[in-house]
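Chain lettering (A, B and C) follows the sequence in which the chains are written, and residue indices restart at 1 in each chain.
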Amino acid sequence: MSGGSVMPLLLALGLAPLLLGVIIRTKAVMAGRVGQPLLQPYHDLRKLMMKGAVYSRTTSWVFRAGPVVGLAAVVVAAALVPFGAPALVSFPGDLLLFVYLLALARFFTVIAALDTGSSFEGMGASREVTFSALAEPALLLGLATIARTTGSLSLSAMLPHVTGAVWAHGAPPLALVAIALLVVFLAENGRIPVDDPATHLELTMIHEVMMLDHGGPDLAFILYGAALKLWLFGALLIGLALPLHSGHLWLDAGARALGMLLLAVLTGLVESCMARLRLVAVPKLLVGAGVLSVLALLLVLRSSP
Amino acid sequence: MLLLLLAVGSLVVGGVAALLAQGSPRWSTLLGAGGAVVGCVLGLIPAGGVLLGQPIQSLRVAWDVPYGAFFVQIDPLSAFFLLPIFGLSALAAIYGAEYMLAYRDEKSAGLSWFFFDLLVASMAMVVVARNAVLFLVAWEVMALTSFFLVTFQDEEESVRGAGWTYLVATHLGTACLLTLFILLGRSTGSLDFDRFTTASGVGLLFILSVVGFGSKAGFMPFHVWLPEAHPAAPSHVSAVMSGVMIKMGIYGLVRILTFLGPLPAWAGWLLIGVGVTSGVLGVLFALAQHDLKRLLAYHSVENIGIIALGLGLGLVGLHVGSPSLAVLGFGGGLLHVFNHAVFKGLLFLGAGSVLHATGTRDLEELGGLLKRMPWTGLTFLTGAMAISGLPPLNGFVSEFLLYLGAFGAVASLASDGAVPALVVIAGLALIGGLALACFTKAFGIVFLGEPRGQHGAHAHEAGPLMRISMQTLAAGCLLIGMLSPLVGRALAPLLEQVTRLPSDRVHLELTHAAGPLGWVTVCALGLIALATALTALRRSALSRRPVDQATTWGCGYARPGPRMQYTASSFAQPLIDLFRPLLGTRQTASPPQGLFPQAASFSTDTPDVYRERLYRPVFGGIDRTLSAFRWLQHGRVQLYVLYIGLTLLVLLVWKLGEP
Amino acid sequence: MSGWADTVLICIVLTSFVLLGSSRLGACIRVVALQGVLLGFLTLAGRQDASSLRAPILALVSTGLKGVVFPWLLFRALRDADVRREVEPFVGYSLSLLIGTAFLAGSLWLAGRLPLPNPTMSPLVVPVALFTMLVGLFLIVSRRKALTQVLGYLVLENAIYAFGVGLVEGTPMVVELGVLLDLFVAVFVMGIAVFHINREFDHIDADQLRTLRDWAG
């Protein structure tokens, strides 16, 4: 069951903001600018921690608890995801705890947004719960497909067992699951085509608008939590897509870190080349991802009765 | 056994005493609530004993009623259902003692305490009865007492309509149950449960029990009475009805499953289908409501759907011969029965507290109550987190068991076990996401932000008795969530009885499930520790910096006001639009007109789709057909006597004319 | 060989899903053309006799017709009719996707029960053909415009072709070419019909054709 290593957690905690930096730098390069330094998100976090805070009179302790519980839940979820080595905590069914810890973080973010009594945050909160309600079946069914292919129920046992042989044996379902997980990755982290992290128009944002009233250390917690969540979903996707297992801790982790950087560059490219979908078209995209997961699972069930 | 009979007796005595003391509100409340609490505490002792391993106790006394006998028995299944009955009723009685004081000038509290105590006593009798006549008598008493409690405020027409719908629905279900028991007892000629045989065909018996017990439990499409009756009743009664009474349907279904032998494959599929429909449609209709208690009532339908999913998974597991799926499916479903009683009771008591303080249940009028009612808000938040299935509370534990079984089936079973599990995973995932949407809406609109109408401005916190019951239930949610590995093991005798698998097999599967649950608790403790550490970090970071208060940023509006906040309808609008074909929401709007619009209005209304499209046309058709015979009822006594005379004459001639 | 056939069949399934969820007529026409081309690949993948030219000729002709000629005819009809290039469905797009998933599960189940001879190419041929047939029927039933009904008919034809390629060996080439000629005439006539319907009624809403009936029922 457990007995994993603490390295995946440390890598996640340390390198998550760098992922954000790579995405922003890629977008800047594609737009013909030089862009901010790669380590800028770290400086931003430090700057925010040193600021004071302003709280609205409308809010209550829920507003102050939101960022804290959100970050704590995402950090505990990070202890469940393997990255080159088994995760710190692993047991059959830990993928469920992972998904529901992220749901806990989302719950508190949404009620903290509603606590401000502002219609903008309410708008973002309403869209956030709609899209994540549709994305969750796609995620869980995709993980169920991987569980069936590898025959185990723990993330640290599932992802390392997706080897080259497994891909060669049943490539189409795994490819479909990878596409579905990519769509979930983009949706849950508020990337184009679901949400635009660069605009600050309240009427068009989802994640960005829910943190409008937070400032100082609270905003630092929220931004760091968002970067961690990006890293975690990326780790799931890279764990599936990169079937490389040499057995050496540093080689595996290093290969995966390289994969994460490539994923960040890919995200930056997607964001530079595509526009955001109309809000009414996003549910169709998420239902499509769910359908891909179901198709993959049906194919796997059919081929191994 | 003696203790249980004492408990029931104490409830009955307390109720009658409250009725007799009707004149004095204080005495009737004291006698009624006191009798209830004493009875419930007494009754918990034998129930807990049997679950912890004591032998089954039974008592059989012959009765004058044909086919009837006073045959009662406490076995693990009965004991498991007795726990929420007595536990939640005791807390609801404590809550109600203070809640009913608000009505003391207009209504007689004694009468309502009489019915309440009888309701609890009859539910306990339903669960321990082992003779069909005794069972049906207790079932009928339960239905009638809850009817009178639902129509407590019968001066309002909506309450009268709700009561009528409830009465009709419960009697239609009872008709199915009568047929079911007669079919079961037909070949042996006895209506005792231990002499039932399944000679008439297992499939028919299963369908009859799903319809009969399902209408009490609230399976779709038999649920139409639930959203009418539960909001109409006083809040502590709603808590008992939603938390415990609908579970009597689940108890009946599981009890019938222990009589029937191996079931065909479609039985599991039927329950899974019913579960997905009730779950998804229940939570969608809940999203579309603006009345807080109606929202909670639809959520009860959704959670009954989750329980049905668990039972269906268990049946599939028994059919394909997978003990782990059977144990986890039944275990998750039955644990959800208990968990739902705890958090749904808590939510209804919280809603009652809100109604008590503000006088309205309409979400569009409420807001900002957390600052004025901190304890109600905190306990309601705990209930909302539990019902959304979030760790570390108890809702997550039962859903985790169901998911674990379903994922295990998908990972290792053949198609006839894996495909139902696929449907269960997709259904649970969608239900979980939508439930989170609905409860962020309910908690956020009612307790957060600013009051949207006049009602919230003078709200006051609930009194001590109401607070104590809510806090106990909230603590229960947290405790069950954190102590989950132990709970798993406590389910062992119950699961042995229901699945009829060998005891060591059941223990093995539960031990396999207890490991992950233990890790969940470890992660939960880590979560709490981390949250505390981060709060301390923030406090130390802010200690040397300026911390100010200001108004919420209003994007440059000159006078931002509370009515500019997001309303409940707007919060749920994206989801409702997406599922519009299933919901049938009607909108009435008068949009703003002209350059300087004065007033505009918008309202939505979501009637229950089964009621509008299924029951109303069917009953309307029956009404029209039968009104053709209305000429028979003209009111003249002489003709009625003539009818009787003619019938007697015809019978005499017919019977005596035979050689 | 079976691996390639499997991938082509899964791509055909994906094109059917795109048809169910797409809202633009132009995209739908292109996707149906792609489906025809994929079926051409399937013909090549399933050929038994590597030396005979029958399969490549058939593949070439059918790819040419379905991938080039039919889209050209349909786009011309669309342009001449000058209607709004949006599919107008009775059943919403997300719901169509979900119904498609149910069709897929159903055809996987049914295909296991049909007493058909073992397909030579890949065990997925029969379920995918059945699924495509159901999607074609669904498109005809649930979309309003006459042009989408032509597309549904083409998808149905693709499904039957897939059945044939997967299961039947040894039909004379004349029969196959005859079937393709039949299809060509149908699309040509439909294109003309669409143009005339639009000229007469100023729209191509097949639902409105109900007003032509005689009796006032």
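Just so we're on the same page, a contact is a pair of C-beta atoms (placed from the backbone, for glycine too) under 8 Å apart; a residue touches a chain by one contact, two chains touch by 3 or more.
As the structure is a computational prediction, the values presented were derived from the model and not from experiment.
Chain centres here are C-alpha means, and the one lying farthest from chain C is B. Interface comparison, A-C against A-B: more C-beta pairs in contact at A-B.
Centre-to-centre separation of chain B and chain C, using mean CA positions: 49 Å. Centres computed as Cα averages put chain A at a distance of 38 Å from chain C.
With centres taken as mean Cα positions, chain B sits 36 Å from chain A.
Shown for chain A are the residues in touch with two or more other chains, namely 283, 294, 302.
Residues of chain B found to touch two or more other chains are 419, 578.
Looking at chain C, one finds that residues 94, 105 touch two or more other chains. On the side of chain A, the complex with chain C involves touching residues 171-172, 176, 283-284, 287-288, 291, 294-295, 298-299, 302.
Per the touch definition, chain B reaches chain C in the complex via residues 419, 578, 581.
Of all residues in chain C, those touching chain B in their complex are 92, 94-95, 105. The touching residues of chain C, when paired with chain A in their complex, are 6-7, 10, 13, 17, 21, 93-94, 97-98, 100-101, 104-105, 108, 123-124, 127. Contacts from chain B toward chain A in the complex involve residues 367-368, 370-371, 381, 385, 388-391, 396, 400, 403-404, 407-408, 410-412, 414-415, 418-419, 422, 425-426, 429-430, 432-434, 436-437, 440-441, 443-445, 448-450, 512, 515-516, 519-520, 522-523, 526-527, 530-531, 534-535, 537-538, 541-542, 545-555, 560, 562, 564-566, 570-575, 578.
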